[in-house]
Amino acid sequence: MDFPILIINFKTYREATGRRAIELAKAAERVARELGVAIAVAPSHLELAQVAQSVDLPVYAQGASVENFGAYTSHIPLEAVKEVGAGGVILNHSEAPLALNQLAKLLEKAHSLNLDTVVCAPDPQTSLAAAALAPRAVAVEPPELIGTGRAVSKYKPEAIVKTVELVKSYFPHVAVITGAGIESGDDVEAAIKLGTRGVLVASAVAKSRDPYGKILELAKPIAAGPP
Amino acid sequence: MDFPILIINFKTYREATGRRAIELAKAAERVARELGVAIAVAPSHLELAQVAQSVDLPVYAQGASVENFGAYTSHIPLEAVKEVGAGGVILNHSEAPLALNQLAKLLEKAHSLNLDTVVCAPDPQTSLAAAALAPRAVAVEPPELIGTGRAVSKYKPEAIVKTVELVKSYFPHVAVITGAGIESGDDVEAAIKLGTRGVLVASAVAKSRDPYGKILELAKPIAAGPP
Amino acid sequence: MDFPILIINFKTYREATGRRAIELAKAAERVARELGVAIAVAPSHLELAQVAQSVDLPVYAQGASVENFGAYTSHIPLEAVKEVGAGGVILNHSEAPLALNQLAKLLEKAHSLNLDTVVCAPDPQTSLAAAALAPRAVAVEPPELIGTGRAVSKYKPEAIVKTVELVKSYFPHVAVITGAGIESGDDVEAAIKLGTRGVLVASAVAKSRDPYGKILELAKPIAAGPP
Amino acid sequence: MDFPILIINFKTYREATGRRAIELAKAAERVARELGVAIAVAPSHLELAQVAQSVDLPVYAQGASVENFGAYTSHIPLEAVKEVGAGGVILNHSEAPLALNQLAKLLEKAHSLNLDTVVCAPDPQTSLAAAALAPRAVAVEPPELIGTGRAVSKYKPEAIVKTVELVKSYFPHVAVITGAGIESGDDVEAAIKLGTRGVLVASAVAKSRDPYGKILELAKPIAAGPP
């Protein structure tokens, strides 16, 4: 996992379903190449395999189940995530919260499979607990700002500052990124200035009429940022 | 949804992951053509799209989430299931149990999307409740027999008989199928004789060294059975 | 379980916590005696035992867990509900939804323990499924009206009418009651006229400055109603 | 919360239900007085109020819900736990696991209510994450030993040693206690020697024919241990 990074979560937006998931990922790939910046995409489970096979980018699952291969109807084993070509997983997104004990097991397994890991958390204290489990990155995302267009880096900068401070002092090997409400290049720039090593975006890209242009806008401050 | 039917649940078996999911589905397709019998396959979420695009069979999702398209990281909207090419969904499998209220909403939505629906239930009384929600089929599956190789049709025939009797008398438009422990053509034949209109199998096919041969064996009594 | 019935759900209202739970239950007991009407109270788990020991009324738990006595930290076994003196249980309230399979097991066990059972459901179709599990009563409660003061009997009478019709035609031994938004005697009267055999109320009583007066108002149309 | 401490979890054992919960708590109270040792009891939700009113010991709830007072049928608000007389809460027991985000919220609220907090975790890494949320104590409990009579302090001492080491170096204000399989005074002594500041026991006491004698046996090494 390279930093600074722009991670694009496709969620289950209609605009990022089916064929459009691949188009979106290809737009991200183009920006990544043009700017030489790290971009990862997180399509829904239904498009994970096809996106992973279509682009040369880190592709992350939006979540996973703790169980291994076997008799687990409707689950998403990390082993299968890996096998279909994904390189990482986002865990504990506020829309898919996980039990502490399961999160710990998933991280341990993900690392043994050599998968990148990003754990979301709603606030600084919870981010510290997530960091204690040694993921590659923690993404602090105040749930009340998600999808609002009011960027965490502008409307709640203190949450970012406090998270960076806490995680750096206890678990400096864990990168802090942020998300929630990020809509513009300015929002990304603000997040980088506050000490994060990347951002997690969703609706701004998935719902854009010009995904390539929007990704370009969001990725520029990443490309310009400190390593 | 045509009856009698053989439904093959791929679960998250390693043997039914990635490329092997497509091979398994193609073996099922070959048998369906050769015998002129109704066969549906239920790959994992990660392979659903690719299997749906690869075979001319009903392809069912192993489950789904109640939410629509939108900001629902890691969920599986029925609308997306439909869009990637699936034709139905299995709900309330004992390995993915659902809240009653969510099951009711999912069924209503699935039907408005014109998706086939199979609801699993562990016993006759719960099967009756599931049938009250008007799915296309109810699959009675005693959980204690799932994956054991001890077929419900031989080790717990009374559960099938009672379910057929209850569902027929209250909700005759709902088909009763069965599963759990089904390993051989004899097991299928026994299930059909007890009044079911199909069977749901998993490990017997997914773990077979000769999936085509095994599907053929299981499908023959279906082909020979009453409509 | 006697019908028609007024069931008072204390939820976890501050006004129905600790000592106040007992006072509320005693007010209900007084009305039950004065009017000769069936009233049941459902205090929170924390007050269940003390309320059951303090009044001569049916006392219902607000929910329960499927597990028996044993190593189940923080669970609520039905056997314990019974032992501390409760006479019944409300299941699948929209604020405590249950998996279909667990609901079925809980009802079977509750009846073997001779406990009264009321299953909540949000709409007619789900009420029919609940009725298929043979509880003593089904309470149809559109969740969007709960706690609003807009009574289901006035704002969504068609949900009640349809539920009564469905349940009566398939499972006539199951009583239909209703709830959500019930605030006044008029609301109760309307519910009875629509064919229900009782009502489930919460905030109207728990948050009243004069609980005795409010219970009296709500119970009068019950006392006057058809058996 | 005083250390070292013996915490007795009543779980939902039949032997600790109803009146017997009070007798068990009184036996604990007697030992606490005789030995001058810190003992806390954790009765089930159904007995919490009566136990809290019957003994002069810290009484802990076995769990709680994140919601406040209000329209939350079947939930257990911390505010109500406090109001009925409890002085603390056990969270994330392996039999009642919590989402990370909810655990964080519960701890924050518990501390604002001045309630003691014990968070259970299955292994050292998860214990460290729990400690990052600043509870008063973390209880490391390998789930595979719970209820087995094979004491963690003898069969998995390395889990205790590693947890003590990790938590001490990162979050020294959080006490480490342990549990799982603790049956005898020797098991407790071993746990104290490994650096824990208390133990969490359940079946050994609840299922004993002589609870007073068993509590005395378990409490003696606590009384003799380092502060």
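Letters are used for the chains, namely A, B, C and D, taken in the order the chains are written, and counting of residues starts over at 1 for each.
The criterion applied here is as follows: contacts are C-beta pairs under 8 Å (C-beta built on N, C-alpha and C of every residue); 3 or more make two chains touch, one makes a residue touch a chain.
A quick note: this is a predicted structure, and the numbers were derived from the prediction, not measured.
Colleague: In terms of touching chains, how many steps apart are chain B and chain D, taking the shortest path?
Modeller: Graph distance in the chain contact network comes out at 2.
Colleague: So which chain is farthest from chain D, going by the mean of the CA atoms in each chain?
Modeller: B
Colleague: In terms of residue-numbered contact pairs, which of A-D, B-C or C-D coincides with A-B for over half of them?
Modeller: C-D
Colleague: Just send me the rotation angle from a CA overlay of chain B on chain C, rounded to the nearest 5 degrees.
Modeller: It is a rotation of 180 degrees, to the nearest 5.
Colleague: If you average the Cα atoms of chain A and of chain D to get two centres, how far apart are those centres in Å?
Modeller: 37
Colleague: Suppose each chain is reduced to the average of its Cα coordinates; what separation in Å results between chain A and chain C?
Modeller: One centre to the other, that is 45 Å.
Colleague: On chain D, where are the residues touching two or more other chains?
Modeller: Expected reply: 94.
Colleague: Taking the top-of-page definition of touch, could you list the pairs of chains it picks out?
Modeller: Listed by label, chains in contact pair as A-B, A-D, B-C, C-D.
Colleague: For the complex, which residues does chain C have touching chain D?
Modeller: Its residues touching chain D are 9, 11-14, 17-18, 42, 44-50, 61-63, 67, 69-77, 79-81, 83-84, 90, 93-96, 146-147, 202-203.
Colleague: Of all residues in chain D, which touch chain A in the complex?
Modeller: 92, 94, 97-104, 108, 121-123, 125-126, 128-134, 170
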